[in-house]
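So, here come the structures, one by one.
First subunit A sits with subunit B, and in the next complex the same chain sits with subunit C.
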Partner chain A sequence: MKTLRKLLIVIVGVFVSVQVFAQNSGTNPFVGSTHDYHVDKSTLTSDLTWTVTGGTQDVDYEFVGDVNTGEDIKIKWLTASATPYTLQVSEVRKFTATEIAGGAPASGCPTIRQISVTVEANTFDVYADLVTAAHDCAFVNSPVVDNDTAGDGSNLGDNSDDDFGTTTREYLITAVDAIGDWSYTYTLTHGGENVGDLKVNGVVYDASFASGKTITGINTPTQTITVTYKTNLNRQDQDFDLVFTVTGATDSLGTSDGDATAGKTDDATYKVYAVPATTGITTD
Partner chain B sequence: MKRTLLRFTGLMLLLLVSYSGFSQGHNKNVGDQHVYSVTPDAGPGTNTYTWTVTGGAENDAWKVMSGSLASASVTILWLKPGSYTVEFTQDQLHGGVTCSTTQSGTVTVANNFDATIADATSICGGTTGNTNFTFVVSKTGGNADWSFHYTTSGLGAGDEISGDVNVTGTDTYNLVIPVPNVIDGTDKTFNVELSSIKDSSNNLDTDNTNDETAAVTLYGVPATGTITW
Partner chain C sequence: MIKLYNKENYSLMKKLLKLSWVLAFLIASTGAFAQADATHSVGSVHTFKVNTVDADGNHTGNSYTWMVYQADADGNAIDADTPKDGDDVATLDTDYALPGGTNTGVDLNELPIQWLKAGDYLVEVAENNAGTGTCSTLRRIHISVTAGTIDLNVFASKIDGSSETTLTSCNDQSGKIITRGGNDFGKSVRYFAFTMKTDSQDWTGNWGFNYTISETNGSGILSSAVVEAVTADVDASVDGTILVTGNHPLIVLKVTVDNTPGPSDDSHPNAAANGNITLNISATDASPYIVAGGTNAYELTGSANNTLVTPYVITASPNTTDISID
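And now, the complex of A and B:
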């Protein structure tokens, strides 16, 4: 009985391994992914030509750079296939004039190599999740220290130099079925609120990133993004939406974001409720 | 007696008329069949017919194909070249006397047996097994059954291919030479030569200028690797 259980575990393990291996590979690419293919040419004087049958060039697939000769090519797969495509490379000898005159076959004695390629739906997906409660107050030091920056008591009793603390929100960015490193571009919006000293992962996030900031070379399945800002730096924040949006995600194969995961989206929104910018306590 | 003489004279005239051509002799080649016949006298008595061929032994130099040597007609197959005499005798026994009439002619049989091997076309090889080259070997003249030895030249020591072929009853034979493929794209150029060509009566090939092919090439295919990704 114990042996049977072990055997089942092994079988399941092998199945899972095969499934993982098959995902977005050269023979089971995702729609939108680009794959490298290679053959070792013979030592003969010859030409290599790659073709795909079962689909239409530039509709179902494309040779990147319009290059379909040589030992190395790249193919971007554009359309999922109900029946497999056949990727073929033909190496044809280039006979000399003397050989042709001597009866060398006009066919060039081709050697054909083929593989079957099944293009699958794109399950590569990069999405954003909230880490903490969607609706929550901004962080505030408690109690807030009534600073006397001038050192003469002139700043006491107001909030002009008081530090209300740093509000932090985290986003969890997840990549599903990525092959190799993955990357994406993000934008962070805050509803037009004048958020002070806004930083993403410790780096100032300002208007220069309006069109987005790109993160590349991510080699883990998830990535945590930490957004911080100085609470009430403008002396009284308003309620606002802090929205983190993922765009242009790709993996190392150039696969674009398939948005295939149910219930997940490319953006995640925190509703940040302002905390009162109460002044320091004054007394007579 | 007068009547007998008249009949005998008539028989002689009939035979002379029937075979006036053959009495001059004729030429044949080995492998030829020919019908020799007479119209015997149908007079009274017992008639006996006898064909005699001299110049070679029956079933060695010649052979009866149909009819018989004791009939009015016989078909002779000439097996070997030579000079032969074909003679027919009709013995007529009547009145206690046997009267005989003999006719003959000469046959000169020549050897025209010739086998030829045609060139093949250069072709592409494969990646495994052999690639077959077909050379058409044909013969003219001679007897129906014939044989030859063949050998390749150019495939290299230890790789040459040879053999003996017996052909029965047909003038054409497809000689298939299986050449092992080489997967590294190596070309193999060779030719085929026939020897010991003879028909079933050991008549030898009369023309040795067409017993060897031109060079033919097995072009190796590129040893392309498998597709990787």
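And now, the complex of A and C:
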């Protein structure tokens, strides 16, 4: 029983925490985020009209699709506010001609609901981190085996058929304050060097990467990107910068990358120093 | 359900078992025959090279560090210490020597190594990029060092060590006047040259061997031979032993024998009266050695050319008596 009670306390605690730390909600949206707002209409014949006070339309906020009527609307918040905006919805009865003739008030007897919306600075941020030392040598098998591919000794002392190993660099992509799944586009630069058998997460890096790759539906706080290439595959590699750049990150609310996290950037750069493409040792 | 132990299955199992043994043996054999990349002889000097055939060029400006490690017969590095502290390096000037004096330097992509002791070694080179890069690449090669090609070679020679092709010739007194009143038929001198090589390279260090002289004529074994060294720095003072110092891959020994006059009965070479002396020298089997790294490395048992294939024959002069007068 005691244990069960403890467990319950823990569970309650977790829920409370989630509540406390929930951000980018409809009442505390991030700049750039889009939120849904909804009311259930009465059973009467009526019109619903939504308004925002305390800000200028299309400057501080916009109704997505310019729709501000109906039970469901979407508002994209554009500017952070020191004083809260007020979102109002007014349900106005539509009296029939007979009722109007019978003296029904022209005002339509509106019912007004409102909530206060405080638009906050966008702390949604997707950034890239290095996982290992920024400056490091390429990986090389130690020692490198002198392959005799032809089987007749003709490839001994030659490095063209030797496996120098696979160099790996990892990037950790982190999303802060994302609501729901998040996505981003990335580009990878590798100094324009003739890097052999370059792969990103096991996929061969080809021309399709040049304009950026988009990864969608990420539902974990972080994601690891693994870049590999075959060391000295095309003989002597050169030193180069391996740069991973995040662009166009969004979360499920359409919030764009706020770049608000101190000390973090969208790009992360490894300086990869080449290892010598030493040939096999020959002796007389 | 299949009965596992019915008769047919049993015989099948037996066959499978046999096959497994064969396979296991094959695999084991493959392991046992792991060979070194090259076999070198104790004392020999070999040059190790990298980047001489690299299409990317000669890697100018890169620095190289060469190391020699101890290995087992399969070419695996040895770490015999407790606690383990990494691959055991071979000992400079005991296991190997560096004729070039250094094992590290810029553009040192070729390194001569002299092997001093039999064993298995790994020669390793670390190439470091020039400039900002401290990145290195390691290569290793497995060398088996044996005494296999330490080779003493004997041949008939002239005093200067050049080859002597006339092996059968008159004794040195032939044609000279025998001193009247005496019966001294004089002495003959023959030269034997010895070379010492390892991996077909002249051995410039100290070396030596034991020998026996074979000196016979028709009446049996003679023992007049006196061995002296012609070449400097050769110690022949102890009978049956030669010690060479001071960079002489080729030495000449002078053997002096007493002539034995008599008929030169070539048609009956074993006749007791035959005065021809057959002279040869043999380095004792497995006695030739070189001094490498302070210890002796011996030529293998049964090595060839440790004696003359065709011995000297010192042809006798007639046993003419002193002139008597009436």
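Rule of thumb we're sticking to: the second predicted complex is superposed on the first by the 262 of 284 C-alpha atoms of A that agree within 3 Å, B and C clash if a C-alpha of one lies under 4 Å from a C-alpha of the other, contacts with A are read in each partner's own complex, and residues count from 1 in each chain.
Quick note on the criterion: contacts are C-beta pairs under 8 Å (C-beta built on N, C-alpha and C of every residue); 3 or more make two chains touch, one makes a residue touch a chain.
This one's a predicted model, so the numbers in the text were calculated from it and none came from an experiment.
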item	value
Combined model on subunit A: subunit C and subunit B, fit or clash	fit
Which superposed partner A:55 touches (first subunit B, second subunit C, both, neither)	neither
Subunit B versus subunit C as contact partner of A:110, first or second or both or neither	first
Which of subunit B and subunit C A:236 touches, first, second, both or neither	second
Contacts of A:32 with subunit B and subunit C, given as first, second, both or neither	neither
Which of subunit B and subunit C A:157 touches, first, second, both or neither	second
Partner chain(s) touched by A:258 [first = subunit B, second = subunit C, both, neither]	neither
Partner chain(s) touched by A:89 [first = subunit B, second = subunit C, both, neither]	first
C-alpha centroid angle, subunit C to subunit B via subunit A, nearest 10°	170
Lowest C-alpha to C-alpha distance for subunit C against subunit B (Å)	57
Intersection of subunit A interface sets (partners subunit B, subunit C)	none
Interface residues, subunit A side, partner subunit B - complex	25-27, 35-44, 46, 48, 87, 89, 91-93, 95, 102-105, 107, 109-111, 113-115
Residue ranges of subunit C touching subunit A (in the complex, touch as defined)	37-38, 40, 46-56, 59, 62, 123-125, 127-129, 132-141, 143
In the complex, subunit B residues that touch subunit A	121-125, 127, 184-185, 216-217, 219-229
Subunit C contact footprint on subunit A (complex, rising order)	137-138, 140, 142-144, 146, 156-160, 164, 232, 235-236, 239, 273-284
